[in-house]
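Each in structure tokens, the structures are laid out below.
Shared chain: chain A. Partners: chain B in the first complex, chain C in the second.
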Partner chain A sequence: MSAVTTAPRTKGARRNRRRTAPLTSTQLVYVVLGLIVVVSALLTLTKDRNFFSQGNLWTIFTAMTVLGFIAIGQTLVILAGSLDLSVPYVASLTTLVAGGIMAGSDANVIRGVLTALAVAALIGLASGLIVTLLDVHGFIATLGVGLIISGYLASNYQGSTGQAAEDLKFFGVTGLGVMPYVAIFMFVAAGLVWAALRWTRWGHHLYAVGGNRAVARMSGVRTAYPVITAHVLCAVFAALAGLTLLSRTGIGSPTIGSQGRYDLFSIAAVVLGGTLLAGGKGSIVGTIGGVAIFAVLDNVMGVMGINPFLKDFVRGLIIVLAVAVYARRSIVRRPARFGHASALGSVLKEDA
Partner chain B sequence: MDAAVVLVARGMTKSFLGNTVLADVDVVLRPSEVHGLVGENGAGKSTLMKLLAGVYQPDSGTIELDGREVGFGHPVQAQRAGVSTVFQEFNLLPERTIAENVYLGREPRRLGLVDTGAMNRDTAELLAGLGITHLKPGTLVRQLSVAEQQVVEIAKAVSFDAKVIQMDEPTASLADHEVELLYSIIERLTGRGVAILYVSHRLKEVFDLCQTITILKDGRQVSSGPASELTEASLVRQMVGRPLTSYFPDKVPGTEVGEVRLSLQGAGNPYVDGVDLTVRAGEIVGLAGLQGSGRTELVEAVFGVHPFDRGSMTLDGKTVTVRSPRQGVRRRLALVTEDRKAKGLALNQSILDNALGVVRAVLPSRAGAARRELPGVLSSLEVSARGLDQEVQFLSGGNQQKVVLARWLSIEPRVVLMDEPTRGIDVGAKHAVYELMRQLAADGVAVLMVSSELPEVIGMSDRILVMRDGVLAGELPAGATEEQVLALATGAATEDGAA
Partner chain C sequence: MTTTALPRAIPVHQGTTAQRALRAAITPGGGVFVLVAVLLVAVIWSNPNFGDPSFLIRFVGRTAALAIAAIGQYYVIVSGEFDLSMGAVIATQVVMAGNLIGQDEGRILPVMALMIAVGALIGFLNGVGTTLLKVPSFIVTLGMFLALGGLVKYLTGGAATGNPVDKFRQIGRGGIQDVPVVEVIPYSVIILVVVAVLGALLMRSSYGRSLLAVGDNPEAAAFAGTSVWWTKTWAFMLSSLAATIAGILLVGYAGVHPSVGQGYEFQAITAVVLGGVVLGGGRGWVLSAAAGAFALELLLALLTFRDVESTWRNTVQGTIIILAVAASARAWTLGRRPSGSSTGQVTGPPTAPAVDTPAQPSKQPPTRSGTDTGEH
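And now, the complex of A and B:
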């Protein structure tokens, strides 16, 4: 105690402590990913297999692609303070629209892809307009839009129909080294979105609107524009995911999206990646980390032959633990002045 | 009209739902002048500022800027024209950097992309122009103190080449040494010819800073003229029609200091350390100190928000541990928090639900009695509201604070902890809070009050405890001077000051 009174703390000292602050959320995501990779590699070894073999890495990158596309879009709408629950239905619709137009013919690839993307963009535009002009929260707006699409799919398609062009199927299964072309495309798209968030006014305004719409408005930002464009892009990314699925299965399916549970898994991946569910804070880099965590987990659980129910159990556990850690980190902002509470103590401490 | 005039507003009138909140008010702002705008809450100060800022549009009246009549349909229009406003509630994004906040909505671009480098350089230049060199443009606003966030707001205002900067209660949440910084910034701004419209409840500041003072009461202009023609007493009289002598009420006759209600021995947690103190029944103890000295943390620790992890605490002679606010309430502790909007009230709920929130949650057996007593409590606090079912967000700051007080009175507290109980409320409501503190003392309650306003600490306290860097720096008797308190708070005279 006397030590404190004789050595008054300067502002500089406090600042230094801030600088040695713990990892950012994004860094933490990759630390967790690294740990999971190490553990997975060891577990894989026990089965006399190599985690880092070309085949296994290919499998992981393949698994990342569809969820990756959807999660990129989901990151945008969540950053803007909205949410998109219609992504699985958009993806299903895309497989049917594109598969229907292609009908197995290489001549129709471009037309099929563009039409599917345009349809998705229109759906995203509708969601965006509902969210901004009618002031309906994204959760409800896209739940409604998702149900509408789901109803349309159920009443118009009795089962799988349409057929992917051979070119598209071939594109889906080829790649460079350990990475399928589609995965490379997904990473490039993630990079572009990352750059746009960082270097364009649109990106800055997206963060601003998601962080605090009133503040953004008072600063002269057109608050509707970033939200609408985020919804359009999200739907387009869902369509890219749908096209990826089409390239793998070869046929259009009205239920492939909802079977993948991409709505909830994409939100989980985004949040796992350190993005604030309330909006205004987060990054694409983190989201890709979240997607990778899911892919690696699935991979190692597949290798270990774990039953599907236990898989969901593990996924759920990871989501809850991760978000609990983030929540605690954002609460404890004030540095302790006296003593250092043990890590265990701070975890066990009753919440304020 | 004289040449040296930058902004003239004439006949400003505004009503909401047929309720006139501002009627025929004139303001003339001159370059390099600090113009004080005073009045009780609800007098129309905020409305006037918002009219000039383009947040609201006047029903009638004209605004002339540099001799040209202007109309602002949006705050950004006003800013571009040269009228910037630093609102009491900051318009900042905590998760974005200083530079991103300053240039939000008009980020500098090169080749179509946001030029972060230029943005950071310009921000550093703006800050340097205000005499601030220790803030980095890339720092997240979340990591800044309240005073530093205010500097960012001012830098943002200046970045529009402002001719007029309005400041709404800029010192409301600043400690005294931070106020000095604000003063120096204002000096630099007026030195460049900027006119400042300065709204404050702290009359001393108004007299320190302002050359001209406009007084509003009930939406009307009482007077507008040189500060030199006013005294604090005449100013208060014009504002409220009540003389200054009754500012701090006397003790209620028959108030007796009784047994020890609350005592701490060597109590500490991560934020405060080695705290020894006692508060007796019937006593009002002031807790002074600079912002960040641990005052809030101390009362929060007593209440169980961040429980003590060492030392001991007794209530009415019994050793207790309070591990959560719920346990605190059970022990009949009350904490009036410093931020009533975030921690004191559920803004979109009714007065009734807010006033009974604590008692219903923690002491349900008392809820019925509290409900019956409530109308009496509210009327004794002089809460002016449409009815018990009115949502508290529509009340003025003073009335909101009274609802907070009613909420805590409902548990029949033995110890009342108050953190900045009069922050951001008008003179009349302040007076009601002071009267209530005196009455609590007369009823044998122990009151521990944290306050950044030294006159308040000195005027109300039976004893004054001063904190510095998380420990008690010393104790002063009633009647101590502001200088003595400051000396302890800053450590300027540690040798003879530490009791």
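And now, the complex of A and C:
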């Protein structure tokens, strides 16, 4: 299995060989997104509705927010060569913690939000430590952490409890033009993470560790630090998603995260955005494109009145086909000069 | 029979059979059997009824579906991939059985043949998507999980539909009656034993060896002449076929509902990982994976008997898998050190085959059979 994405650095070299530079996989994500938008707009027209109407765009951006937050965090973890399957439970827990502290009172908003974020950061820290110190693969570590939280949720919360403050609810439904404030916040967060990945030492170390942990270590990178911070940030982003959900529903719910299946869908969105599941290659920009693809698909399927069960069928099909496009493309174009380790195999293998 | 003259050479076997069994037991693949034994004692201690042979065999019968699913998942994991579509395959097969067989006993065999064909086809698609389309198996099988799950729920409307004839449900539910000692031998136990024996034999065949090689290092396996895509595709087909068998057994227990099999993929992966099989491929024994399923079910039974609220099950399960994998990561690393003993390193049977010479107890045992000892 060879690389899915192409590093931007090799672009110049390729341009010499070919007259037209091939698209990077992030650009390809947006080409796919553009195609889906065009098809969706046409399909929406057949129902005598305008895809680009303010209301519809608002719906799409709203739909992007929760998955967007989680997918940003998931991108960091995947780039670092790990995975996070505990995000839905972290999100659920945050709605309960924050909702419980706020108890409908505006005075407690800051305290509720900060506590929720701190709890999530601790969970992320635990996952990160398990992955790095105990040498447990992220899949198992976060599956385990997710199970632990889900047991806690099921034991301590029989149903929905807590109540969001009115301020938070109001923040959730207001916005600028076609975009809710929460979505703007999500895009700003994505921009910050993008900048951090591109320009900070931490970001470069994250790519290095995800690409090849042994080489990164021998190059003098402290391999544990980027992985742990990625896990902490991922949990914090899951908490932001939880707070967004809380602002929408108004109550804390122990099952809201697992109902949304955010673990699998965020991983799918990240891979759909051109990030290599094995780690070390990918971008936040692509992830946002992947999230947008999901949101647009959901929107048009809603407009077309497709059976909710059939939606899953379409989603499954699109995920596999879209990823197959990137994967095949890079293989056809760039035959491996040196043997690569199997993409999935190398990420999952315990470090020798 | 050659004697090893080199003072630093590591003999094939160190110590007696019992010592080697002990060493095998501390590898992850062997350790799970110890874990099963410990849990079994703990369960029987909590509830003496559990020690009753008839009770035990019924427990084995109930666990058979998960153990078979774990055996299927083992093939995929040992080849370095994941199969997340298992639960959806089980749901598909259960719903197919419920709706196509109906109350007509004559249809049992043709529908079962169709189910096996569908299972093989799903596995084939998963395998081809992973190997030829180069999509990560996590994504392919996730897509299959969504697509199949969505389709089944769409076709059934998300509710229980169809009820297969009782004779079909007997496969999962019934058994051979009036057996001495154990009273009844559930058919599911017989099926599990057959699957386990075939599975273990398969891993000793050339296919099994290739599968381990592909999981450990696909490039090296390809250079050695293995058809990597075909080997991996077969692993996915075996996994889906195992899910089909698990589905047939579950019809007997759980009836026909599109949610049957939900979460089975993670349960099976957990069982496989508990069995000491390394995610990423190349290491682990198939029967350890099946033992992992028993360890998981015994753990849940223990929690029930200790009056732990069922809501805490997930927490305990999560803690256990993290600890088990952390422990096995350590153990595999230790096993790889050249100075350490590597008896049963790859397959980790609880008792390594005895090719020992008890005549010379303390000195270097002279026989050298083919075991890889990592000598240097």
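Definition applied: the second predicted complex is superposed on the first by the 313 of 352 C-alpha atoms of A that agree within 3 Å, B and C clash if a C-alpha of one lies under 4 Å from a C-alpha of the other, contacts with A are read in each partner's own complex, and residues count from 1 in each chain.
Assume a residue touches a chain if its C-beta (ideal position, glycine included) is under 8 Å from a C-beta of that chain, and two chains touch if they have at least 3 such contacts.
Predicted model only: the values in this text are computed from it and were never measured.
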Which of chain B and chain C A:Ile130 touches, first, second, both or neither: second
Touching partner for A:Val38 - first (chain B), second (chain C), both, neither: neither
Which of chain B and chain C A:Thr200 touches, first, second, both or neither: first
Which of chain B and chain C A:Leu310 touches, first, second, both or neither: second
Touched partner set for A:Ala141, first chain B, second chain C, both or neither: second
Which partner reaches more residues of chain A (counting touched residues only), chain B or chain C: C
Which superposed partner A:Leu122 touches (first chain B, second chain C, both, neither): neither
Chain B versus chain C as contact partner of A:Gly280, first or second or both or neither: first
Chain B/chain C common contact set on chain A: 1, 4, 339-341, 350, 352
Residue ranges of chain A in contact with chain C within the complex: 1-2, 4, 130, 134-137, 139-141, 143-148, 150-152, 154-155, 264, 267-268, 271, 277-278, 307, 309-317, 319-320, 323-324, 327-328, 331, 339-350, 352
Contact set on chain A toward chain B in their complex: 1, 4-5, 8-9, 11, 18, 198-201, 203-205, 207-208, 211-212, 214-216, 218-221, 276, 280-281, 333-334, 336-341, 350, 352
Residue numbers on chain C that touch chain A, as the complex places them: 80-82, 84, 129, 133-140, 142-151, 153-154, 158, 215, 217-219, 266, 269-270, 273, 278-281, 309, 311-319, 321-322, 325-326, 329-330, 332-333, 336
Footprint of chain A on chain B - complex, ascending: 74-76, 79, 91-96, 100, 104-107, 109, 112-114, 116, 134, 142-143, 268-274, 294, 297, 305-306, 309, 323-324, 468-471, 473, 491, 494, 498
